[in-house]
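Heads up, the next two complexes both have chain A, just with different partners, chain B and then chain C.
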Partner chain A sequence: MLALRNVSKYYGDFCALKEINLELTHGVYGLLAPNGAGKTTLIKLLVTLLRPTTGEILYDGQPIAQLDERYRELVGYLPQQFGYYKHYNPRQYLMYIAALKGIGKTAAKGRIEELLQLVALEGAANKKMKTFSGGMIQRVGIAQAMLGDPQLLILDEPTAGLDPKERVRFRNLLSELARDRIVILSTHIVSDVESIAGEIIMIRDRRILYQETVEALCSKLEGQVYETLIDYEAAPQFRRDVLSLSEKQEQGMLRIRFLSTQRSDPSWQPVRPQLEDLFLDVFRDEETGGGQ
Partner chain B sequence: MRIIGLEMAKALRSPLVAGLLVVFTALNLFVMYGQTYQREELQVLSSLVSRFGHDMNGEGYERLSDYYKSELAAFNTIAEAKLGRTYDSAAEFAGSNPQLIDPARPFTDDEVELTQRLLVTERYVQAVPELREQYADMDMWEIAKGMLDIMTKPTSDEVDRIVYANYDKLEQRVIALREQGEHLHLFFQGVVHKLHSFLYKHILGLMLYQMMLLSVLITAQIMNYETDRNTHPLMYATRRGRRLQRDKLAAALLSSLLAAVVLLAVNLTAYFRLFDYSELWQVPISTGLMREFRFTPYIAWWPFRFAEYLGAVIGLALVLQLIFAGLAAWLAHYVRNSYFVCCMFLLLLGAGWVVITVTPPGSLLIFAAYANPFQLLWVPHGWFMMKNVFSTYPSYELVTVGSWLVIVAALLGLARRHFIRRDLR
Partner chain C sequence: MDRDKLVVPYPDADVVRSEIEAIVSRSMPPRQTFIAYMARMLREVGLRHLFRDWTELVYVSLTTIVIVALMLTAYLSSTAPESSMMYVLLFSVSPVLYLTIAIIFFAGKRDQDTYELEMVCKYTVYQLAALRMTVFGAVAVAVNTAMIGVCVWMMPELDVVKGWLVTTASLTLFGGGFLALMRYSSSKGMRLVYVGGWLAVNLTLYVWHELFYTAVLERMPLFGYAIWIAAGVYGMTRALSALITIHHKEGYI
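For the complex of A and B:
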């Protein structure tokens, strides 16, 4: 179990995270937050790149700072901006990371072949990575994170650059992996975590706002999300009255999904709230996007 | 060790390092070829040494003199037949007759060759007694006084006392040198060929800068490889974690040494193939024939043979690379870009050079100012020998590299502590 106890992180006077308390067991945890909320800071604390100013992070009851490499050998990490060696091919690159992870040469060779197959890069295993597309690079990143059978997989924006097919395959893979390990998935793409995350962690104003299941979070908006068809001319005024969640053209009119605490018009159709609705509601005044 | 090997590969596979090694070697070969015109004359000495040995303290010199006399007699027989007169020496003939280079000369090619060989032999035969005389009169105290007198800024009594004490030690060394007859061994005549300064100052001196540049580039590249490529969040979060920095340091030091060894091996092999030293490896480095100017003899603190001296110089050059690589690694802890590391190192180099000009010679600090690794770059032909008044003491090289190894180790230790504790954002 991974636990954060009153973890705060300051850079001088600037507070990046404040009094974070979390407990993570097996499963996929979706980390949702807009830019500047402290998402990447939290992840960097978890992978020991940063040290908490106050509080402590425990793995199975022991401080990770004390566990040192015994902790890090359990961690698979994909940073948000995944750097790579342009002149290496994926096999060479993964061999290097395997060495840093303390995996023997022979064991690494076999595992690397498996992973390259898993991320569908076996055909490009000997090509220099400078020739790779963004999606291919991201797949190398996913492969390296999974090297060494990590018990704690921390992925910062892992689906960036993946096409829809790869994204589905990746989600399925994570669901499979999460059966016996902790997977932390930081993303601004709500659909990536909605279907697979056991729990969602939302950070706002540098604090944990929620750590709950998708269902529990969605139930917070029960009876407040509606859909209706309106004229385009009426749309500006309508948007001022309610929080528009999504809009699409339908039969020459605008089908709008929105949030309202009252059902002011009987033509409004109540619909089932989704995670994205909550995300938009919670962060309605903040810029949303891909991490900080 | 596997990680160190992988880190070394990052730098050594770099086209920049390989390219520089090729360019430097080409440049050095070009410089060496500039002196190949001397090879025939040098060959004459090699053949003399193979016949009579290099020790001119006793029998060797007598045999050389006898050989010279017989060759002079043979020459005079030819001269009498062709020119109707004889000469007291080959130099007298060469000074008054241009025939040797005249296409219409009355001599056959064999006779010209004999004459040229005689001219060279004569120089060595005449040099030995002159050297004996010069070294008998050599007074280190006078040399020290002369060097202190010509200084533009005055020294203090305290500094003078240390300088004279050091030159007293040198005097003892000269006495021992005279007793052993180290100064009377045949070697390529310094006043004519200047091969000691050519090899140690121009070739090795040039290579010192080349090795330094390679060390700094390699070290900066290895130490900052991850930040240059934005891979540091990933690499320092692996099991190896921040210990990777230690592996990188080891890889940088080993790669710098390897690059230096390759450069030295290739270029020195080329040098000794171009210039035949095969008969001279055992010649004492302090032989008087090595001197290139009358008042600046090369006097080593220890009775090194040529091969031993070369080995000591190479050893010191390699230790210097460790210091330079260590300094570059220290800079790389704080400067996160390889090219800025190189720029900062150049500033250190400049500081190391100018520190002696801003330190008052009256202060004892002047000795510390000279004891820096960048000062050593100026005088590779004087390493382990008498040189500047402030660097003429037996332990100068040892003190310089020893103290700087400690300084660099301390700096790296502090940088490492800082790196272990800092946030990697």
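For the complex of A and C:
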């Protein structure tokens, strides 16, 4: 079990994370927040790249700083900016990372072939990575994170650059892996975690706002999400009255999905709330854009 | 109603001892010696992955060896080479191979995209640097030994044991200082300053008081060199051990 106890991170007077308390066991955890909310700081604390200013992080009851390389042996990590050596091919690169992870040459070779197949790169295993597309690079990144059978898989924006088919395959893979390990998936793309995350961790104002299942989170908006068809001319005023969640053109009119605490018009159709609705509601005033 | 009394038998001494041992061994794994740690790391990482760019490494090493060999040959071919001056030359140039490699291959990778990922692996950039510098140290001693062999062949009056001790003492002094400094700053600028400083101090000592400098190197007894080398090796080992367990207060980035 991974536990964070009153973890805060300051850079001088600037507070990047405040009094974080979390307990993570097996399963997929979706770390959801807009850019700049503290997701990447939290991830970097979990992978030991940063140290908490106060509080402690424990793995199976022992501080991760004290476990040192015994903890790092358990971690598979895909950073947001995935660095690689351009003149390496995926096989060479994975062999290099396997060596740094202390995996024996024979064991590494077999595992690398499996992983190359898993991320559909077996056909490009001997091509230099400088010729790769963004999606292919990302798949190499995912493969290196899975080297060494990590008990703790931490992925920062892993689906960036993947096409829809690859995203689905990746999500299925994570679900399978999460049966007996902790998978933490940091993203601001709600659909990436909605279907696979056992729990969602939402961060707002540098603190944990929620750590709950998707169903529990969605139920917070029960009876408040509606859909209706309106004229385009009426749209500006309508948007001022309610929080628009999504809009699409339909039969020359605008189908709008929105949030309202009361049903002011009988033509409004109540619909089942989704995680994205809550995300938009919670972060409606947040500035987006820009990293940390 | 009487409650059943729950009786928990007190464990006997053997059970208590084995439980304590289990707790201690889990929370305090035995500390490996420096040599055992390096050997394990070398076995697991392998020489092939220790230096990613072998072409650059071989090129730099050969160029340095050729330049040092040319310097020594030029002096030995001069009209009246002196063995005392030869010790000064050996002392000054012995760490040149080590320092050249140290400048280029130490660890200055913070600016690279790969740094973050490599710092989360079992063996981090700093641990690799420690292993790399240990291997370079061993290679430098081997190259210096070969260099002494050639020098003695060209100048038979040179004492082979003293020659070897002078080069090794110089290497351990330089290496220990370099590694100690790298704990605080591993920037390329700092490395250049240190290397430049080493050459400048040697040159200054020679120019400022040639007789004193050469006399110290020539007349120091062999056991004096032995103590110096032992102290230097101890200093290098301490510095490398510190590099293995390095922890920055705020983290690595």
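Heads up, the rule we're going with is that the second predicted complex is superposed on the first by the 287 of 292 C-alpha atoms of A that agree within 3 Å, B and C clash if a C-alpha of one lies under 4 Å from a C-alpha of the other, contacts with A are read in each partner's own complex, and residues count from 1 in each chain.
Methods note: a residue touches a chain if its C-beta (ideal position, glycine included) is under 8 Å from a C-beta of that chain, and two chains touch if they have at least 3 such contacts.
Everything quoted here is computed from the prediction, not taken from an experiment.
Student: Just from the overlay, do chain B and chain C fit on chain A, or is there a clash?
Tutor: clash
Student: Name the contact category of A:151: first (chain B only), second (chain C only), both, or neither.
Tutor: Neither partner.
Student: On the A-aligned overlay, A:228 touches which partner chain: chain B = first, chain C = second, or both, or neither?
Tutor: neither
Student: Quick one: classify A:244 as touching chain B (first), chain C (second), both or neither.
Tutor: Neither chain B nor chain C is touched by A:244.
Student: Once chain A of both complexes is superposed, is A:65 in touch with chain B (first), chain C (second), both, or neither?
Tutor: After superposing on A, A:65 lies in contact with chain C but is clear of chain B.
Student: Identify the partner contact of A:195: answer first if only chain B is touched, second if only chain C is, both if each is, neither if none is.
Tutor: neither
Student: Of the stretches 78-86, 150-158 or 366-374, which one in chain B hits chain C?
Tutor: That would be 366-374, the only stretch with clashing C-alpha atoms.
Student: Which positions of chain A sit in both the chain B and the chain C interface?
Tutor: On chain A, the residues that contact chain B in one structure and chain C in the other are 44, 47-51, 68-69, 72-73, 75, 77, 79, 81-85, 95-97, 99-102, 105, 144.
Student: Can you list the residues on chain C that touch chain A in the complex?
Tutor: Residue positions touching the partner: 27, 29, 44-46, 48-49, 52, 112-124, 128, 245, 247-253.
Student: Enumerate the contact residues on chain A facing chain C in the complex.
Tutor: Touch residues, chain A against chain C: 44-45, 47-51, 62, 65, 68-70, 72-73, 75, 77, 79, 81-85, 95-97, 99-105, 144.
Student: Which bits of chain A are touching chain B when the two form their complex?
Tutor: Those residues of chain A that touch chain B are 11, 44, 47-51, 68-69, 72-73, 75, 77-79, 81-86, 95-97, 99-102, 105, 144, 148.
Student: List the residues on chain B that touch chain A in their complex, please.
Tutor: 2-3, 6, 226, 229-241, 243-244, 421, 423-425
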